[in-house]
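Next come two complexes, and both contain chain A; in the first it sits with chain B, in the second with chain C.
Entry: the complex of A and B
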């Protein structure tokens, strides 16, 4: 008897259980409260609609995943490189950081229009928009992480004759990694948003394309299918990073 | 340390720039492209049919069809040379582009009638445009509002006689009766309403009020017309031939459109193609042929845009609309 609250807690802690609970609530609430389909269609209708286009959905998921991952990887590499550069070369921060902040305030819609002129309707256009959104949080969090390096520890390591590279690899980088992971987790979600928005600049395949189409035709169940699909994709990507973090970056800076 | 880091950052920058450069489309591309104003759908069946049936290929063109979207400005992309041809917004879009000095030229007009229309519930007692007086009328403020203003002017109503409000993407506010009159396109929103079981509505067509604004203009750049007029001619010939084929083989045309897009519903596309046919095979589309440019209605649209101060001054219509290509399209390709 005393074990049951714990067992319940354990069940709730499982992410799959949460999905089942939300699905059940959706399934029960719609007929129970007589929610009109235009506000929230029954889950069975949404599921059936998703199944009716599963081929397009699978192709769209794959395409959007590819755009997101490529954009994220490029954004992460650039972001970490600039974060490190900013931390060690102050002139670089002073020269470029304001430009990056300014770029960040440019609406992605305006930026996207230019990207289409540069890259046309290629997958590259979407990748660049995903990169553009992912890059900034990674760079900022890398910089902030490196800045938290304890000066006393630097002094200590220097007194033992540690080289600059040793200082970076053995002290600064491990200190910064938890913060970099935060940047990466922010970045992957933004990459997905970037890829989806990028597809609104003209394409034939992708979750963003299907979303736009369903909005145009006012197919409300289809919109929900895509909300679920985008959410699932984002969760999987985020979960993957969280897993890497738990496995390899388990420590926290003091 | 500092040096090696700097070298590292430099290398990363170079790598990024190379990546950037490598993805740029190669210059002086022989194949041509056509930019649509929206995603693949039956509204552009003629283009997809012309490509799938090899009409473009027979005309010596390797056409890439680039779909559009809400953030795509076809006029800018075609005028800048990013795309060779375009299916752009319509009469107003061409006029604005010319006013801004864009080297854009219209060589054909797809829709011969105004595709916008106004709907009101039967129970509202609105039986003519004159009855809009004192009512709440919604329209899109992305351009079609000037069509409404022209219709009102033709019917002798002042804009202050009614309340004109901005209409969102969705038809839901009209379904919820938040306003008395809403704007639809005959090929999409009207079908959406019908599919949701809303049939107790009355329809008011701008053409019945004497307002015609041709839409879905076929455009290219001044540069193309000057340097490669034979390609422009070949593109228009094949496009109109594609349209004629699409209307004569509708089931096949819908198949082609469905294959070009993703997640499209067959029924939607069939309905859309039927409506597009009505808009294209009308007025000059019957007498002159598909794609005819109606200079008279264009001049009237420009007059009203200037009157409503949407344009500062009229543009040279003869430079903006080139009817010579259409005139040279073989009759068997454009006459239904």
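Entry: the complex of A and C
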């Protein structure tokens, strides 16, 4: 291995390098420390197991992705709408905000049981759970972002004769967008968790279903395959939002 | 100078404050921010307003901008018409102390903000603004973002935004307060050039006596809180004024006189703070 420290740093800064390093560490550590397969199977075994079920895995990934994205989109739209409503209509905040806070303390497992009774073992049930988890961080961060709108900038816009709608579109919304993006990034990870947990209540396709099955049958390498698959899915979704943020919401409130 | 005042006496003032008061709070906890202010500004006049800090200058400013209603005792008369609550919004070009540029807009789009609010198309607004860039010393910076500019440049963008909001009366609240002395004196001379070219009426708040005398046709001095007009001093220094004017005998004499008044008021503020 050669190269200047700068080159090394550049290689390490690459997100794909981190994946390769973790895989290498896994590959070396298992035989080196004689780790029992029950705790951590060799990466080669996990990889082979993954390849053997790639059809189910692809179908599961697609299904879970669909549930997550649908739930996230619905949760994000509702969250932003309620956040805006809370910011502009104080009575709405006073009436609904405590209810939402209380709802947040209900474990998603308890809530999930009821959702399955309502919607049955349909994709709707998972979407609703994903929505439920994404909604709150988006709503709270939208509200918080809108509340940070600079009163002096509001005064300036008013002195130009700006209408309420112009104030919102040209000032309040851009001010809140960085904060809304934080909410969305929290929301997408929670949506994925919601979709997976939703699948535990009964279904035939999905990463959550496969995870539960492999736990029942103690297929340890399969569990690791699914951990990697869920992690990859979550990373891709988060990365997509991060890209959107870097491209369109790059400013920070001053 | 004489005929200017005669002119003012015949026509209506551009802006007139008649017995303007502003009180905050109720009963015993009431504080008076501004009391009994009478002030007239003639069309095309450059009026500077000085006073000790906390004397209610900004409160007065917000009332003139239409952001804060004056108490019912008095009224703000704009071009001969008394103005009801909020009626002044959109009639006066107002520039607060901070530049308040929007970080998500380019310099060009920050400059056109007021025009967009007025409903002008983005394209037309940009064309109009682009023509002003050389004059404001910002040519080549149209596509930059405010974060990339120095304090002096940001302030010029804010001034351009104010000028593009074409109103005859411009309110400037300590626009150069945060700048270093050198940039500041450059900006002052530059502002006078712009003013001479565009012929707007200007009311300029500052706490710097040199700045007030150098820029103004008239310096208005406010008292300590509760603020009212202590005196008005007409400045007859010839225009155009350059930097050397500040060392003339005439300038010194005015400065000495105003300094004594302002210091007396500042002492009152200190005494009041000590007693409280």
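Heads up, the rule we're going with is that the second predicted complex is superposed on the first by the 251 of 254 C-alpha atoms of A that agree within 3 Å, B and C clash if a C-alpha of one lies under 4 Å from a C-alpha of the other, contacts with A are read in each partner's own complex, and residues count from 1 in each chain.
The rule is short, and it goes like this: a residue touches a chain if its C-beta (ideal position, glycine included) is under 8 Å from a C-beta of that chain, and two chains touch if they have at least 3 such contacts.
All figures in this text were calculated on a predicted structure; none of them were measured in a lab.
**Student:** So, on chain A, is it clash or fit between chain B and chain C?
**Tutor:** Taken together on chain A, chain C would fit alongside chain B, as the superposition shows.
**Student:** A:77 contacts which: chain B (first), chain C (second), both, neither?
**Tutor:** Only chain B is touched by A:77; chain C is not.
**Student:** Using centres of C-alpha atoms, tell me the angle at chain A that chain B and chain C span after the overlay, to the nearest 10°.
**Tutor:** 150
**Student:** In the overlaid three-chain picture, which partner chain does A:62 touch, first (chain B) or second (chain C), both, or neither?
**Tutor:** It touches nothing on chain B or chain C.
**Student:** In this superposition, which partner touches a larger number of chain A residues, chain B or chain C?
**Tutor:** If we count touched residues of chain A for both partners, the winner is B.
**Student:** In the overlay, answer first, second, both or neither for which of chain B and chain C A:203 touches.
**Tutor:** Touch status of A:203: first partner only.
**Student:** Does chain B (first) or chain C (second) touch A:118, or do both, or does neither?
**Tutor:** In the superposition, A:118 contacts chain B only.
**Student:** Quick one: is A:54 in contact with chain B, with chain C, with both, or with neither? Answer first, second, both or neither.
**Tutor:** neither
**Student:** After lining up the shared chain so the two structures overlap, which partner does A:251 touch, if you call chain B first and chain C second: first, second, both or neither?
**Tutor:** second
**Student:** May I ask you to decide whether A:155 touches chain B, chain C, both, or neither, giving the answer as first, second, both or neither?
**Tutor:** After superposing on A, A:155 lies in contact with chain C but is clear of chain B.
**Student:** By how many Å are the closest C-alpha atoms of chain B and chain C apart after the superposition?
**Tutor:** 15
**Student:** Chain A touches which residues of chain C in the complex?
**Tutor:** On the chain C side, the touching residues are 62, 65-67, 89-90, 92-94, 96, 98, 100, 102-104, 113-114, 116-118, 145, 147, 165.
**Student:** Under the touch definition given earlier, write down the residues of chain A that touch chain B in their complex.
**Tutor:** Listed in rising order, the residues of chain A that touch chain B are 38, 53, 56-57, 59-60, 74, 77-78, 81-82, 84-85, 88-89, 92, 109, 112-113, 116-122, 124, 163-165, 168, 199-205, 209-210, 212-219, 222.
**Student:** Which part of chain A faces chain C closely enough to touch in the complex?
**Tutor:** Those in contact with chain C are residues 150, 152-153, 155-162, 166, 170-171, 174, 177, 251-254.
**Student:** Chain A touches which residues of chain B in the complex?
**Tutor:** Those in contact with chain A are residues 1-2, 4-6, 8-9, 12, 16, 19, 23-25, 33, 35-36, 38-40, 66-73, 77, 80, 82, 169-172, 188, 192, 196, 260-265, 268.
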